[in-house]
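Order as written gives the chain letters A, B, C and D; numbering starts at 1 within each chain.
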Amino acid sequence: MKQYAKDYTVGELMCVTLAKEIEDGDVVVLGSFTPLAYASYILAKITHAPNSCLLAYAAVDFRPFQLSFIRAESSATRGSALMWTMLEDLNSVHLKGRGDVEAISSIQADQYGNINLSVVGEYDRPKLRGPGGAGAPEVIKMHRKMIGYFPGHSKMTFVPKVDVITGTRYLIGAQERIKSGYRPGPIRYITNLCVMTKEERDKPFRIDFLHPGVKAEDVVSNTGFPLEVPSSIPETEKPTEEQVRLLREEVDPYGTLNFDFKPGKERLGYLKEMLNKELQAIGYA
Amino acid sequence: MPIENKVGKLSDITKIIKDGDKVAIGGSWLGGHPMAIIREIIRSKIKDLTAITVVGSIDIDLLIGAGCLKRLMFSFVSMEAFGLAPNFRRAIEKEGLPYDEITGLAVIIGLEAGGRNVPFLPYRGPFGSDLVKYRPEFYKNIKCPFTGEELIAAAAIVPDVAIIHAVRADKTGNIQMEGTTGTDIEMMRAAKKRIVSVEEVVPSEEIWKHPEKTKVPKFQVDMVIEAPLGAHPTSCAPHYVFDAWHIMKYMEYAASAETFKKYVQDYVMKPEWEYLEAIGGMRQASILRRLAREVKFL
Amino acid sequence: MPIENKVGKLSDITKIIKDGDKVAIGGSWLGGHPMAIIREIIRSKIKDLTAITVVGSIDIDLLIGAGCLKRLMFSFVSMEAFGLAPNFRRAIEKEGLPYDEITGLAVIIGLEAGGRNVPFLPYRGPFGSDLVKYRPEFYKNIKCPFTGEELIAAAAIVPDVAIIHAVRADKTGNIQMEGTTGTDIEMMRAAKKRIVSVEEVVPSEEIWKHPEKTKVPKFQVDMVIEAPLGAHPTSCAPHYVFDAWHIMKYMEYAASAETFKKYVQDYVMKPEWEYLEAIGGMRQASILRRLAREVKFL
Amino acid sequence: MKQYAKDYTVGELMCVTLAKEIEDGDVVVLGSFTPLAYASYILAKITHAPNSCLLAYAAVDFRPFQLSFIRAESSATRGSALMWTMLEDLNSVHLKGRGDVEAISSIQADQYGNINLSVVGEYDRPKLRGPGGAGAPEVIKMHRKMIGYFPGHSKMTFVPKVDVITGTRYLIGAQERIKSGYRPGPIRYITNLCVMTKEERDKPFRIDFLHPGVKAEDVVSNTGFPLEVPSSIPETEKPTEEQVRLLREEVDPYGTLNFDFKPGKERLGYLKEMLNKELQAIGYA
């Protein structure tokens, strides 16, 4: 019988929830270094999805590795089964719609499946110039599922309409996806409050699961667009003791996945602490 | 006929990179950017460049902060976990640096088109993205002449110069890479001229031992420069990791335009060997290399 | 969950290749064709195939002679220095085998298009070639929406099955190649199903030692078959050369349709291990491997 | 001073003549296994063009090797500086027009720069079904120079108009080539009788050099289309003693380059003899 953990962070909860999105055999893509997503995929790979194929940097089908803040790239490289360029990646995965999951995040996201990583404000007079979308604007259409994760569920992020559509799912319902040559799959957002899903162009996001202690009103009042609120919403499954142990002892001993959840002023200190532990691990601190 | 020798010094880059050039910059995220060449561009006071990057970070931020760019083409510029890129933000939010923000696949496919001598390549592109609307010079609709399907044509991108960093090369210019290659190879195909900095120049015999590691053939290389730790503070996987400690320092300096000037003085406007001492010399290099080796599989 | 095991036996190919399929056949010239699979297709009496090759030789000639094809798509079929391909000539000159002769780059680019999920790709193609005129279903003119330049669009090619031969694989299907790759990788990307015969199936640890030799990722592979000398009588560079002696014998048999029937009986319609004995067994294998190793550089 | 050889075969003469087409630094492409072309390029590489970059099979910039009938592919592979697929080759060399020389041959060639490797006779009712053109139909336009070699100069080969245009140079004059983004270069055919060149769409092939002992009339009467015959035509430079020595002792000790010149009924015997020598060389005969 599953033993659920009593002590876990919201990062760990989101991490195991995201891990459930990986099915065994999936082709899973990593873009930027996003510790929570890395931890999720590696956890999935060493538990229920050993046949998943993980891609990051140039590394294809890399062996699951112990995460650190600074060594993800060399770990993936040194453990890879194949190395390729971004163009080969496009030619084998993205353009073909062969990817299953690539969890993305975004400055703004709206009710239509649009994301904004470009600017807050007017495009030519930005209040905030964001990083840009890299491949996300295109791959969120191409991959089987569009999975987003949002450490800070708020009306700042979930807006009625994004200021700039950096990219969009474009093909949402199963029928329109199949007709255009892509595999059907949902838009699913995993946040610090809930899991919510959109499956049809004309239907709103639906709250699927509420994290322990969160009420539907909390989600509704922190979301800038209308949601479908089922009369009964199950609680998100908590991390098991084994999952928490695996994360803390095996997958992510430096605690990189919690980094995104630290308040602004604590982040630098947390980062320095993690880095110091890495130095200690190689005997240089 | 002697065997040609393409090995140059850092200061030779001005023979190839000229004011006003469109320069494609290799590397991706915090990895593999040709930082020694970037610093030399700043030292050489080359100006009015248009930088082309797919996923840039400190390479772009440094060039912007030092005033070398007149325009930027990018799909992504960020210091990742360290935050947004400070000079990039300032230049766009406050100073109106002109830029073309293009979706990542359109940059990659645009470079591919440039390399293969076609003015465009079609794909099932980012329909619905505002970036398509804002930059029609990079995106057009096109109909398949066989099926009638509407596709997006990505415009060819042809840089004047590509600069990348790699692990090793021989003097004739065969280039080996062992880690993340990003779009380096596509940039080398597309550009009119190419400069590669490498960790080490080796005899051709070393190249022949592992031809499967060679990623760029000599006829796509115009100059090779030996620059150990030449990607610092970004990584050269799997040989050294990015220097998180230096990047934190960079972020402090870059917090304002004024203090950033001091970064350029303290770190860039000195010979590259002195830069390597300033960032911690042999000890720091050992740390970064050791971290890259010490990985644990589960 | 157990680690999946894609390793099958030669006789399992009928689970994937069906009568009437379009089958892309890897290898090029007299090298690297998946001959053990080709022989098994004949043994299994699979019929009405459309074969797709870029530069074929005995692979195509054998399939034609054995009556497995209803159509052929090719840019080149020849026994090279040994002469024109006898069954190929007979079938076309005498029996009217339907075929699509496509220029080499159009086949390669067509496979590339199939792999990347676009119905066509443009290039500065073979304007003026009669083949363009004869096969408009593979070539259309297209105008660049940016520059107005007239280009040729090559139609996507999507095989039902790709079959290739490689050096080694692990049981999950990561495929390593060390010599000529031809268009094998592009065929694997484009096809709906894929079978790879390999010299040896190895533990994944062996793959991880040299990731730079891995050319096809596991998710592009449906079945792996261990077939030592599986490219015979073609080569598997740099491990063994083509078997010139057997090819001369083949050319004798293939001189007429009648004697060719005897070739099929004497060499193909028996278990693969007996084929390997019939062509000379261990001694012949040693000769072909030794020749591949004994090369002299000047 | 150059010592010209007194004893050389017509194959050796064509081989050294073709070798002269390679300039130092050229990108030189090999398609099918064509011994004479291989011998030429390797001879050029070890003499006047050490910086040429030779490509064959998957091998890029391979070291010059001793030619044999059966080992060209493994020699090129084992000596390569880089290995690539045909698509990478297209993306780096062919489509870009970066190739300088790829000597081709053809069943028929005409006065317009067309070649026929498809069929003799009507396309749908062939008298002879040829091998097809592989990449030749396209690359003869793309490469800087279009170089052909023809061991049997006759009206069977040099026809007024090819039965089928498998491919064509298409862009011939320097101006039209540059305008279309390709480097200018001639069409040059090296035959067993002469060297002849076409440089403009509206001008005929011109006889540049006559092989020793060949008269202009011999060429004219064996060519099925009009030629420009200059009033004075220099003799093709003979192979030097050193070139013949290099070919026979170093580059091509098995005599593969002469294979194409053997009459039909002698070919099989010659081939068996070469193969037997290869077996002897490894101690298996």
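The definition used in the following text is that a residue touches a chain if its C-beta (ideal position, glycine included) is under 8 Å from a C-beta of that chain, and two chains touch if they have at least 3 such contacts.
Computed from a predicted model, the values in this text were never measured in an experiment.
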item: Averaged-CA centre spacing for the pair chain B and chain A, given as whole angstrom; value: 27
item: Interchain centroid distance [CA atoms averaged], chain B/chain C, Å; value: 38
item: Junction residues of chain B - those touching two or more other chains; value: 112, 116-118, 123-124, 178, 212, 215
item: Junction residues of chain A, two or more chains touched; value: 59, 63, 79, 83, 90, 95, 181
item: Topology of the chain contact graph, where touching chains are joined (line, ring, star, complete, other); value: other
item: Pairs of chains in contact (touch as defined earlier), listed by label; value: A-B, A-C, B-C, B-D, C-D
item: In the complex, chain A residues that touch chain B; value: 32-33, 35, 42, 46, 57-59, 63-66, 69-71, 73-75, 77-79, 83-87, 90, 94-95, 114, 117-118, 123, 126-139, 141-142, 164-168, 170, 180-181, 250-251, 259, 268, 271-272, 275, 278-279, 281-282, 284
item: Complex contacts: residues of chain C adjacent to chain A; value: 1-4, 112, 115-118, 170, 172, 174, 189, 204, 207-208, 211-212, 214-220
item: Chain B contact footprint on chain D (complex, rising order); value: 24-25, 27, 48-51, 53, 59-61, 63, 79-83, 90-92, 95-98, 181
item: Contact set on chain C toward chain B in their complex; value: 116-124, 137, 140-142, 144-147, 149, 151, 153, 155-156, 178, 210, 212-213
item: Residues on chain C engaged by chain D in the complex (per definition of touch); value: 28-31, 54-55, 74-78, 80-81, 84-85, 88-89, 92-93, 101, 103-106, 108-109, 112, 123-131, 134, 178-186, 215, 235, 237-238, 241-242, 244-245, 248, 286-287, 290-298
